[in-house]
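What follows is a set of structures for review.
Each of the two complexes below includes subunit A, the first together with subunit B, the second together with subunit C.
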Partner chain A sequence: MKIVKLKKDNLFPFLEAIKGDAELWAPVKKDDAKHTFQPVDDFSQIDLDYTRTILPPRKILLPAKFNMYQASKSEFTSDFSHISKKIIFGIHPCDIHAFLTMDKFYSYEIEDPYWLEARKNLVLLGHSCWPDENCMCKSTNTHVVEEGYDLFFTDLEDTYVVWIGSSRGDDLIREKPELFEEDLTDTDIQKFIQRRENRDKAFTTEINFAAMPDLMELKYNDALWEKLGDACLACGSCTNVCPTCNCYNVEDRPVLGKDFSNIQRCWDACTLENYSGVAGGENFREKRADRLKLWYTHKLQSYISKYGKPACVGCGRCVATCPVDINVKTVAQSLDGNEVDSFWDRLSKEVTK
Partner chain B sequence: MNTENKITAQSNPFLPEPARIVRTYPLTDDVHFFQVRIADMEKALSFRYEIGQFAMISVLGAGEAPFSISSTPSRPGLLEFCIRRAGAVTSKLFQLKENDFVGIRGPYGNGFPVEKMQGKDILIVMGGLGAAPLRSVLLYCLDNRDLFGRIILLHGAKRPAEMLFRDELLDIKKRDDLEGYLTVDGDDTGQWTENVGVVTTLFPKLENINPENTVGVVCGPPVMYKFVLQEFLKLDIPKDQILMTLERRMKCGVGKCGHCAIDYIYTCLEGPVFSYWDVTHMRELI
Partner chain C sequence: MSKNNDKKLKIGIYELTGCAGDGLLILDCEMELVDIFQAADIQSFLMAKSDNIDGELDIALVEGSVSTEREIEELKDIRKRAQVVVAFGLCATHGGIQARFSEEEWQKNLKEVYGDIEMSHTKAVHSKPIDEYIDVDLYLPGCPVSKDQFLNFLVRALGGSPPEVYPNPVCVTCKYNENDCLLLKGIPCLGPLTADGCGAICPNHNVPCYGCWGPAEGANFTSEFYLLQEKGFDMEAIKKRMANYSGTKLQEFFEKFKKESQ
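Our next item is the complex of A and B:
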């Protein structure tokens, strides 16, 4: 691994130098003080002082809706027109880990070209972050990242320490080598280590993810799930904001006045009522409790057995988003026997009958 | 980052293959038979599948849905489906005529473990639309008669008019290398000469079943599984020699869209064929 230094003043010139005709996505602060990843031409819009964006960056690769192919009477033609060269700047370690998990998922058994082609055309420029009370990435061991990015920028006041994580990252540095300094001083190294230690101490939420597969199995019929099911609004928000949710629906959209259809792939959510419905009216998961169990089986149990780590990357978006406080944090703590008083008080008073 | 941007994925597993309907006719009021051939002749002949696998059929303007393949791989070139009109895709499909185009993708799923079934007695129990996947098993076994021991067929329908493949099965039943029993819940024709009663009433007719050497295969409406499984267990057929095929909503067929998940098993990859032993570990079954 190669490490270089970049003065903060040199950041925009560097981004300008590498951007070319690619679309550069970065965190931008919205009116309601929340952040979103957006394409930016004016770099002054970029706001790196953020904890988490509303939606995870997978939306940049697989938009909420896109055309998979065109279907006419006797012909089917692939449509990759939504895929173009993109750079994501300012992505945090948890979201990079989510990309690595999705890479495995979309390559498992049969390769999904829509994810993999978009990934090939993507440059990832990571950025350091600071946890709030909802960050669980230290518990999921996704608070640091050792692979999966091209460059990773760690904020040291007036300077970035830049880790080069790929051959392409190295090429990017070479676009403007004069902006970078090769040698880190002892002070830089001390600052880096100090920052890491302080950040590790800043995590206030700890979840025992290693215990979750067993607990999911043991407590599959626990009354907890009925309580959660009663409270759940089945709105699908947890799915929309989760960086490792992948479910989708496919729709045939006839094009008006033409003899072909756009076959569209759009986000779906297993917490929605008709998710497991089949033709004829049978629904294999009519109860909200059953749908929640499926969601949490995937987040807390099944990926561990399949890919060796939980699907949850600890980003805390479900914690920040669920209107009734059903999220990885409260569910994991409840499974672990530490029912959060305020959570259950609120559920019983405000939500359940 | 100024490089030519042209996406050329070598293969797109989501892209259907154009196919023509060769024959279609009603089996019952709401179940039609479709014989389909992939338009590209070479691809039609090289389309290899196994019994119990399924394919995605797409109908322009309506969408795509998974269907069990009802034909046998021992008769390549044509694919046959037995389809109930139940939703948007099938409603539009039922309007299509011979020579019209559909899209075909597949085959998908694990299929039945043919190698493990060889040399065994095969006891096939099907009810209603369960005939769709199990006709493939039956025809395959008959086409490869020497590979199997006894072949026993139990087939149930509500009424004679609703029995899928009734004439074909009545014909096959005449063979002396097959033990076939057909039944209807009720006979409203007065001309039904076979058994009357639910499919489990056929079990007492079975003689000299050697459970260790028997593979039980079941597919039918959800309510049927419970009772047929009990009968299999009463016969002492080992749980890992009881095979069933499950239905789930599917949008991709290749383990990406998530809809067919049962716990953390993707029915489209690890199913749709499971042994009873497999599913005793699965919590969200039928």
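Our next item is the complex of A and C:
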């Protein structure tokens, strides 16, 4: 691995040089508060002072709705038209880890051509971050990345230390080598180490993820799930904002006046009632508690036995999103035997009073 | 118009009590209007044409709620003539704003507005969704229904398939659009309780969802009720907001809360 240095003033000239005909996606501030990944032409829109975006960057590879293929009575034609060369700049370690998890998921036994093709066309430029009270990535061990990016920018006040993570990343640097410095000084190294230590101390939320598979098993019939089910608004938001959620629905969209249908793939969420509905009007998980149990089994238990780490990458989006406080933080803390201050807990006392 | 009209689906579009916004939406499909009229035999559509025929139909789209005795008769006649009756728009599916009152409140309102005058041509009745009077085969909610929903319904019907329903709450599209959740900001948004299909147009503009597509299937009214109460909203205000577009379909729920609050 090679490390170079980039003065902050040289960042935009560098992005300009490598952009070419690719679409560059970066965090942009929305409504004075939350951030979203957006395609940017004007780099001054980029705002790197963010903790997490509302939706995870998987939306850039697999949009909420896209045509998979067109089907007529006699043939079907694959449609990859939504895929183009893209660069994601400013992605944080947790989201890079999520991409690595999705890579495994989408190539396990059956390959998903839409994910893999989009991935081939993607350049990932990571960026360092600072945790807030909802970041759990230190607990999931996804707060640092060793692979999965082309370049990774660590913010050291007026300079970036840039880690080159792939040969493609190395090629990008060679587009404008004059913008970079090869030699890191002792001061740079000291600053880097100090930053890492300070950041490690800044995490305030610790979750015992190692205990979760056992606790999920032991508390599968715990009253907790009913409490959560009573409060859950079944809005699907936890699922839609999760960087490792991947379920989708496929809809036939016949076109008026034409003899073909667009076969559309759209995000789906196991926390929504209709998700488990089958022909004949039956539903395997009509109860909200059952659906939540499934989601948390995936996030806290089953991926660990299959991939060696939880599906949760600790990004804290579910914490920042659920209006009734059902999220990995409160659920894991509760499974671990803690009293949790949350709407769902207060509601359970309200309803049973 | 093509000559083999006989083979085309015979469709009638009818308007009971409402703002006629759903019928207007069909006319607003300007790019598709020629295709629509070519693909189907539109037998009756008062807003769009004058040569209307009240005969046998494959599909009747009925907009509006039932608010007069004459409308009850008209609706029953449509049911007799049509193979498939579709409740088209919120007033037909849920009763609309005019159905938000209890029978008692409605009686009071009627008297307040019209006094004791005798109506000669028909008699007003408590506004109700059309399935209070006839069997309804399909429901397309919305205030108004969306173009995408209507066109998708039509093109699937032409191919003999049932419509794709919108089974999810507004929050799903709202999140796709990356809106910051209004409930988290303490704004009384009905997104989690309301059927999707509008594209989350209100939250997209920072305006809370008012529930105009009617209640989403499986919506958790109890939780949202307590959530809004915790955020400091008055019970009556929450009830009013929830009742605005849910017509007669939520009365049981409100009865329960009425008992609890006594």
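The rule we apply is simple: the second predicted complex is superposed on the first by the 339 of 353 C-alpha atoms of A that agree within 3 Å, B and C clash if a C-alpha of one lies under 4 Å from a C-alpha of the other, contacts with A are read in each partner's own complex, and residues count from 1 in each chain.
Convention: a residue touches a chain if its C-beta (ideal position, glycine included) is under 8 Å from a C-beta of that chain, and two chains touch if they have at least 3 such contacts.
Not measured: the values here are computed from a predicted model.
**Q** Please work out whether A:K30 is in contact with subunit B alone, subunit C alone, both, or neither, and reply first, second, both or neither.
**A** Touch status of A:K30: second partner only.
**Q** State whether A:L272 touches subunit B only (first), subunit C only (second), both chains, or neither.
**A** A:L272 sits against subunit C, while subunit B stays out of touch.
**Q** So, A:E226: does it touch subunit B (first), subunit C (second), both, or neither?
**A** A:E226 contacts neither subunit B nor subunit C.
**Q** First (subunit B), second (subunit C), both or neither: which does A:E181 touch?
**A** Touch partners of A:E181: none, neither subunit B nor subunit C.
**Q** Subunit B or subunit C: which reaches more residues on subunit A?
**A** Tallying touched residues of subunit A, the top partner is B.
**Q** Between subunit B and subunit C, whom does A:P254 touch in the aligned arrangement: first, second, both, or neither?
**A** After superposing on A, A:P254 lies in contact with both subunit B and subunit C.
**Q** Subunit A residues touched by both subunit B and subunit C?
**A** Looking at subunit A, the two contact sets intersect at 251-252, 254, 277.
**Q** How about subunit B: which of its residues touch subunit A in the complex?
**A** 1-3, 5, 7, 9, 11-18, 39, 58, 60-65, 84, 86-87, 89-90, 101, 103, 222, 247-249, 251-252, 254-259, 261-264, 269, 283-284
**Q** Under the touch definition given earlier, write down the residues of subunit A that touch subunit C in their complex.
**A** Residues in contact with subunit C: 30-31, 33-34, 36, 53-55, 64-65, 230-237, 240-241, 251-257, 267, 269, 272-274, 277, 286, 288, 321, 323-324, 343, 346-347, 350-351.
**Q** Applying the document's contact rule, which stretches of subunit A touch subunit B when the two form their complex?
**A** Where subunit A meets subunit B, its residues are 18-22, 68-69, 71-76, 78, 80, 83-85, 87, 105-106, 108-114, 116-117, 121, 123, 220, 246-252, 254, 260-261, 263, 268, 270, 275-280, 282, 284-285, 290, 294, 297-298, 301-303, 305-306.
**Q** Give every residue of subunit C touching subunit A within the complex, in rising order.
**A** Touch list, subunit C to subunit A: 32, 35-36, 38-39, 151-152, 154-156, 159, 161, 164, 167-169, 171-172, 175-176, 178-181, 183-184, 191-193, 206, 217-220, 222-224, 226-227, 230.
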